Structure formats: structure tokens, C-alpha cells
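What follows is a set of structures to go through.
The following pair of complexes shares a single chain, subunit A, combined with subunit B in the former and subunit C in the latter.
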Partner chain A sequence: MKYIGLIIITIFIFVSLFFALNKKEQTLKSPLLNKPVPEINLNSFKNGKLNNIDFKKEVILVNFFASWCVPCIVEHDFLFELKKQKSIKIYGINYKDDIKNLKVWLDKLGNPYSKIGIDETGITGINWGVNGIPESFLIDQNGIIRHKINGIINEKQIKILLSKIKLIEK
Partner chain B sequence: MTAIIGNISLIFAAILSLYQFLNIRNINKIRVLNPDRAIFLQFFFILTAFFSLMFAYVVSDFSILNVYQNSHTAKPLLYKITGVWGNHEGSMLLWVLVLVSFGFLISKFDKRLDLPYKTLTLSFQSLITFIFLLFILLTSNPFVVISPVPINGQDLNPLLQDPGLAFHPPNLYIGYVGLSIVFSFTIARFYKGSFDASWAKLIKPWVLLSWSFLTLGISLGSWWAYYELGWGGFWFWDPVENASLMPWLCATALLHSTLVLEKRNTLKKWTIFLAFLSFSFSLIGTFLVRSGIITSVHSFASDPTRGVFILMICAFFIFSSFILLAKKAASIKEEKLISPISKEGAIVFNNLLMIALLLTIFIGTIYPIFLETFTGEQISVGPPYFNLTSTLIMGPAILIMSFAPMIKWKKDDFFGLMSRLKIILFLSLLVTFIFFYINFQGPIIALVGIFLAAWLFFGTLFNFFERTNYLKKLKNLSKTYLGMTVAHLGVAIFIAGITGSTLWKIEKIKTLKVGEKVFLNNYSLNFDKIKKIRGKNYIGHEAEFNLYKKNKFIKTLKPQKRFYPVQEFPTTEAAIYSRGLSDIYIAMSEPVNDSWIFRFHYSPLTPWIWIGSIMAFIGGVLSFSHRMFKKK
Partner chain C sequence: MKKILILIILTLFSQNIFADENLDKKAREINKKIRCVVCQSQSIDDSDSLLARDLRVLIKEKLKEGKTEKEITNYLVERYGEFILFKPRFNPNTYFLWLAPLIIIIFGLFWIKGIFKRN
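On to the complex of A and B.
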């Protein structure tokens, strides 16, 4: 029993590390979760504006994308797939892109977006805490961010999204 | 196809390793699959899996998720290959490859082992392999496929696309994982044989090899940080750096305590303790880096289930090994008491200092994690804490290190020893004064550093002269002793290097337009031009500086600022002019209107850090080769 102190310390270290790991998982999520949408005031792709007024009354998916972003091509089909399974408005935020390329890109792949905001400077990306493209935010009817997806939306993410939307609509 | 071969190889290897471990009781019976063959097959399958992944990277097979996430067609071939271990899954596969390679090495080349003991050792090694393969298959499989197949990949983190870093992980892993074989040797000894001098002889070369590669791996990482991160420093006490330093300190202590066990047949429990502790710290290091618990350049996308899994692996090995030691401790008899004025006395004292430093670093590394968990407060324990504690602890260790090799085993004459030290003291003080005299101003502590380096240097050299009878008896000098001398001299040079580099460094941050000039010590640097550059997978700017010393042209230096479009990531490529005694270092930063921000360093003695480290590595390898391959 000479070693009891040592054993207790070791157990304590392991238990703490275990808690630290779980805590880390929570902090990895966006700090914007369950907060109102950050400031947004962008020119829209086809006339008009995309700003905070657009985030009221209905559930919306905001998708940061760009024509230079290779994973976005993969994601694009899944956005259509999502719309097939659930009629939901998707706003695209075109991040640091060339408008000519964007046009070609949309002509080629189709346009799943109800509205596209042009974030030429990337300032909206900064306000929304975007780490990399693509990233998506699910926003409820009160304009509160309820879910965030880092990376592409795929089959698995669509399932998660649908269950989140169900929860919001309840 | 590649993914299928990879997956099947991993599964076969896992089954084989489990089989090998479960057969642990039948060490004397003849088996269908003898241990050597089983280990060879494990090695073969893991190697196949590893090369499959490498092949997928080389041909840019984006149907494999891991390749898609970490590679790109435009990436140079070298970084396609090294990209294999530039990510979590691939690097765990490398981990296991090194693990089985060590098993294979001892089964094939270590002729000193008798069959039952070898079988036992390999069985325990297979247990480690099995658990890590389970980890890979369940949480970190590099052969997950995606569909539809993407057109191109997301590229490797550009910071990692660098020769220094490309070879840093493999070396570090040889060191880390090499300690696993020492661990298996130790566990097996509890069931077969006893902890005597012959055991110390068996593990010594493997400790030496691990230690040497840890040394090399850490210095490569540090060299990379020096010229790639653009901060002009070589060590930042980042938790991930500490994670590699802790097993190194432990292995250093182990290296010396096995020496005592070998020569004096004592310090048995302590040596076992250190063998366990060394492997524990390589596991803890793996946990810290791989679980994503700390955020740094090393941590990749993190999935908490992985962290929990590695944590469980750590807990399993640490608890089971130390409980085994505690239970059997009473039956291990230490034979002799240790006199304070003896070689073993000096080694014990240095061992304690190493472990004290290890604990200090460990506390500094995990304290912020604990604080954040329990209070939510985020702090970082930085260089002031680590620099102070490590200097205070290493100071006395270096003092002793200088003359420890001169002391006799068992008991030595204190006054006789002191009289021999006089000449070393005189020479060291002389060197310190010379340094003081040639311009180097700076804090007093810098002179202490130089004194310690000189003290160690002359002490080691003096001992070398005594041993060889002033170079007359060079022929019968053992390589082990030569290795020790080279390694200790390396440490001396290394200490001078860090002293100069940290305490005498001159730093200037300037905003310059083309045509402007900056002065640094005796040098002047003319900002001549700036041009756009384009590499295979990056674009960027390159500045040209002409370096003059007292109006004499020396060299053109070209620092770069690169931008990797696929990852949207900028990197800094510092330009360094090294002339053996000092470095001139330029790192390029952001443009401001038509001028650019630059960071200039004049860092004296910095090259000595790498020279010293490489000497330590060579010394270790010399001793290893002698112990491993000497004729009986």
C-alpha cells in the first residue's frame, strides 16, 4: 500500500484528461451556436441585397461556397438532394470569388440557392467565424443559429440536418 | 482496389498479432507458426498496408478519403509521399509500422536472446501492436473510401510541406516506438529470467537507438520551426514539443541507469521504473498530439472518440505495468548501497535531476488543460516558466556531467578528483573571459551558460585524453566510450548554441521599400528587389537582399512569402545565412502599401544547436552499433 498516493494521483490525472477531452468537443462547436445571426449586408447575385431582414419567419440553410472550392462541387449535388427531401430555402454566400467564374459555375452545375450574397472581401466570412469553405449554418424562424456543419454536406449530414429541422419545427 | 488490399492487410496483421499474444503460454512448445515467422508476417502485412497507402498518394487516388483530404495532384512528388504521415490516420499507420519493425528487428538480428525469452518479448510487443491496430481499424482507418470520387484533393497543410518536417515524424516515431521494445523486454523479464547485468546489456542497445532517433527527430522538428514558422526561435515550449521532450528526458535517465545496473548490479527497480515510465511518456505524448486535446500545428481534425481510445490505451499500459512492478518489487533484491562519491552516485544524482525536470515540464504542459476543464479559464504556460525551471535544474546536471565519466565506480577519492578538476576550471573560466572580451554584451546568465558549456567540453575532452593516455592508446578505445565522448561534446556545443541563440540574439522588425537598407551588428542588408514567384502548388513573393559586411559583398538572401491557394494558407520561408558561428535570418511578412514588413535576426551560435544535436545522435548510434554488432 506504499503506492496508494501515486495511484490516486495517476487516476486523478486520467479522469481529468477524460473530462478535458469531452469539454474540448463542446468548445470545438461554433461559439455562435444558439445566438442570433451575425451582421450581414451583401449585394445579391441578381440585384437586390442579402441582409439580416432575410432571416425571419422561416428555417434557412446558409451555405458558404466558392467556385474555386473543389469540395463545393462534391457538395453541390447534395444540396439538390437535400431540397428534394425537404423543401427548405438555401442561401449561398459566395466567398472571395470572381463573379464571372461564379456565373459559369452555376450555369454548369445548376443553382440550388434561393438567394446568393456576394462576399467579395470575405468580411461576412470573418463575422460568421468561417474557418474554411464549405461551411453551413442552420437558422431557425427567429433568426437563431441552431446548427453548424464544417466541411461538405453529404448523406450523413443531410440526415442530421433533417432531424435538426424536425426539432426546430416542433 | 488499393483500399481493399490495405484493409485486408490491416485485418490480417491484427489477427496475427492477437494470435502471437494469445500463444504466450506455449513458449516452449513448437507451434505451427513459430514466433519469428508470425512477427515477420505481421511486419509484411503492415508494410503492405503502408505501401498501399503510399501508392494511393503517389497516383492521387481520391476515392480514398484520406488521400482526398490531404493531397492534391499539383503537389510535388516528395510531399505526396510524405503526406502519407502528414495526417492522423497515416501517421498512426506509420506508428504501427515502426512498432512491428522493432519486433522484426529483434527477431531477426538480436542473436543474444534465448528462444523462450525472445518469444515472450515478441508476444508482449504483439499485444501493443494488436491494440494499436484495433485503434486504427475502429477509429482511424486510412482506407475509408468516398463516392462520388472527387476531382481533386484538399491538399496537405502547407506548413507541413517542407523537407525538415517531412522526415521529422518518422525519426521521432523510431524513437518513441523504440521504447516499446524496451517495455516488452522488461515485462517479459518478470516471467523469464531475472533483472541482472545481462538484462541491462540486452536492453541497452535498444535504449540507445531510441534515444538517438528521438534526439534526431526532435532536432529536425526544431530546425523546421526555426526557418519555417518565421519567428526566429528554435524551441517554443509548445505542448507538442514537450510531448517529445518528456520521453527523451526519461530515455536519457534510463540510458544511464542501465549503465549502473550493468556495471554494479544495482538500481534494478529504478531501471525497471524508468523503462516503464519512458514508454508511458511516449504513449502520453501520442495522446497529447493525436487526441486533439491541445491545439497546435500538429493537431489535425479531431474526433473525441479517438482521444478516449488512446487515453484508454495509455491507462491500460501504465496501470498494468506499474501494478506489476509494485507487486513484484519485494522479490527484486538490490545488492549494493551506493556511495555518493562514485560514478553510480553521480549518475543517480543526474537521474533524479532528469526526472525532476520531466515532472516540471509535465506539470507545465497539463496544468492549462486541467485549469480549463475545471474552471473554464484559458491560460498558457509559456517560456518564462519553462526557461527558468529547466535552467535551474539543468545547471547542476551539466556541472556533474562534466566530471562524472572521470569518477571511478564504487568509491573515489574526493580531493583527488577536485585536484584534477582545477585545470578544467581554469580553461572554462578562460573561455568565458574570452567570450566576455569579444564584444558580446548581454545578461550575466549568458556567461554562466558559456561557462557550463566550456566546463562540460573540457571535462569530457580531459577524460578522453586520460583514457587514451594522451592519444597514445587510441587503438583499444571502445566505440561505446567514443560514442559517449562524442555525445557529451555534442551536448556542450548544444548548450553554447542555445545560450548564444536565446540570450545574445538581436532582433529588428522593419518596414522597408525597395532600395532601403538595414544594419544588423556588423552587417548591412540592402533590399534590392521584389518579384512574384510561382511554384507547383503555390504562388508568392520573393525579396532579394544583398548582404554586406563592412561594405564587402557576401551573399544574396532570398526570403519568401508563399500562398497555397487550395488551402488558402500563407507560409514564410526564411532566408538564412549561416557561417558556423552565427546566423543572419530574414523572414518576410505582410506588404503595407508599396513596402514590406521584414523581421531580421542576428543570432550568434545558433548553428551550434544543430551541430551539437547531430553529434549527440552520432554518439548514440556509435555506441549502439558497437553493442549490437561486436564480436563475441
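On to the complex of A and C.
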């Protein structure tokens, strides 16, 4: 009975450690979730601009990628797979890349993007709280960020995305 | 006349250098307080990662624009969360973080006092 306090504290510490270390996803929630898309004003890959006006009226997936990013190659096929399963606009943000390499990359792997914004300096990446690429954001019809994916979009992430889109479109 | 002109140019030039030096100093002070979110326990001042380099440039640019340290850290926290600060600020999200050690110490003192009393 004398040591009951000590026992409770020890159990509490071990249980906390167990849950903290057992967490599969170590990434933190983005503070931008459920907030409007940050300012964006980029030159588009072909012509025109990609800016905040483009985030209205429909659900959009924004994907930060680059031709030098190896995981992005893996992810690329899954972007096509997502489009096959659900008609959704995907905007690409080409992060700190060489336009020539981007063109070769898209010619080789195909282009799943409705629009590509060129983030030459990486400032838009910082504005969107990007840690590393690939990273993706699901935006609703009102221009609000509803979900963020750190890392590649794979089969599991497609399932999560589809359920999120369903919820948004309800 | 020539000498005076040279003196004026030199004064203006040196003022520019000092202003730049001050800006660099201030930027480094801020950089040391910002965590490199893609590295292990490094500030963006120590890190050579792509993101850390971009953040250093951004901080200097914002200082040039006349933004204060508070405005810059707010901007970063809004995008990366409190985690980006080495020293999290005292606000409703971090009350538990800051107060937990104090609560544990108080709890511990009462507990020790209880043991002494019983003995």
C-alpha cells in the first residue's frame, strides 16, 4: 500500500512510452488542416498561372513532386490508378526542379496532372508547410485543406483518399 | 572636394555593410531557434538540408522586408506547428508540456511528505 503512488507512476510512464514508440506514423499533423489553401501564385508548366482562383468549386488533389525525387517515380503510377478509380483533378507542384528534366520525366511516365505549377525557389513548398517530397493535399470545393499525405500515395493511401473524398462530397 | 566626396561614399558604403552584418546576425539568431524538421535534433543554422537552406533564405528575406522575429516565427508555426521551434511557446497547446514537470514535482513532494508523516 505504501508504494501505490510509485507503482502508478511507473505504470503510467511505461504505458506512455509503449504507445509513443509503437506509433506507426511518426509524422505530426499539419497545422494547415481544415484551413484555406495558403497563398499560391506560380507560373504554370505550359502556360498561364496556378493560383488560388484554381481552388474553387471542386475537390482537388495537390501533389508536390520533382523529377529528381525517386519515391515520386513509384508514386506516379498510383496517381494514374487514383484517377482511374475516381475522376479527380490533380494539380502538380513541381518542386525545385529543372524544367527540361520535368519535360523528359512527363514524356516518359505520362502526365496525370491537370495543371502543373513551377515552384522554382521552394517558397511555395514552405508556404504549404512541406517537409519533403512527395507530399499531397486534398482540397475541398471551398478551398479548404481536408487531408495531407506525407510521403508517397500508394494503394493504402488511395483507399484513405477515396473515403475522404466521399465524406467531402456528401 | 574630392576628399569629401570619397568620405561620403565610404560612410554610406560602411553603413550598408553594418546594416547587412546586423541583418545576418539577427537572421542567425533566429535560425538557431528554428528546428530543421527533416533532420535529427539540428537547427536550420546547423543543417545543410535543402529545406533548411530554403528556410534560412526565407528568414533573411523576411527580415529585409522589415518583419519582426515574432512575425517570422508565427509564419513558420502556422505552417509547421510548434514542433519547428526548439523552445515551444507557452500557449493552450503547450500548457501540459510546460506544466507537467511542475505538477509531477508537487505531486512527488506531497507523496514524500506523506511517507515521512507515516513514519
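Criterion: the second predicted complex is superposed on the first by the 149 of 170 C-alpha atoms of A that agree within 3 Å, B and C clash if a C-alpha of one lies under 4 Å from a C-alpha of the other, contacts with A are read in each partner's own complex, and residues count from 1 in each chain.
To be clear about the criterion, a residue touches a chain if its C-beta (ideal position, glycine included) is under 8 Å from a C-beta of that chain, and two chains touch if they have at least 3 such contacts.
Fair warning: this is a prediction, and the values are worked out from it, not measured in the lab.
Asker: Just subunit B (first), just subunit C (second), both, or neither: which does A:17 touch?
Answerer: Touch partner of A:17: subunit B, not subunit C.
Asker: Touch check for A:74: first (subunit B), second (subunit C), both, or neither?
Answerer: first
Asker: After lining up the shared chain so the two structures overlap, which partner does A:123 touch, if you call subunit B first and subunit C second: first, second, both or neither?
Answerer: Once the two structures are laid over each other on A, A:123 reaches subunit C alone.
Asker: Tell me which partner A:5 touches in the superposition: subunit B (first), subunit C (second), both or neither.
Answerer: The second partner, subunit C, only.
Asker: Can you list the residues of subunit A that touch subunit B in one structure and subunit C in the other?
Answerer: Touching subunit B in the first complex and subunit C in the second, residues 2, 6, 28, 132 of subunit A appear in both lists.
Asker: For the complex, which residues does subunit C have touching subunit A?
Answerer: Counting only subunit C, the residues touching subunit A are 37-38, 50-51, 54-55, 57-58, 77-81, 83, 111, 115, 118.
Asker: Which residues of subunit A touch subunit B in the complex?
Answerer: 2-3, 6, 10, 13-14, 16-25, 28, 68, 70-71, 73-74, 77, 132-133
Asker: Taking the touch rule as given, give the residues of subunit A at its contact with subunit C in the complex, in rising order.
Answerer: Result: residues 2, 5-6, 28-32, 38, 96, 121-123, 125-132 of subunit A touch subunit C.
Asker: Hey, which residues of subunit B end up touching subunit A in the complex?
Answerer: So the residues of subunit B in touch with subunit A come to 148, 150-154, 287, 291-293, 302, 304, 307-308, 311, 314-315, 318-319, 322, 326, 366, 369-370, 372-374, 565-566, 568.
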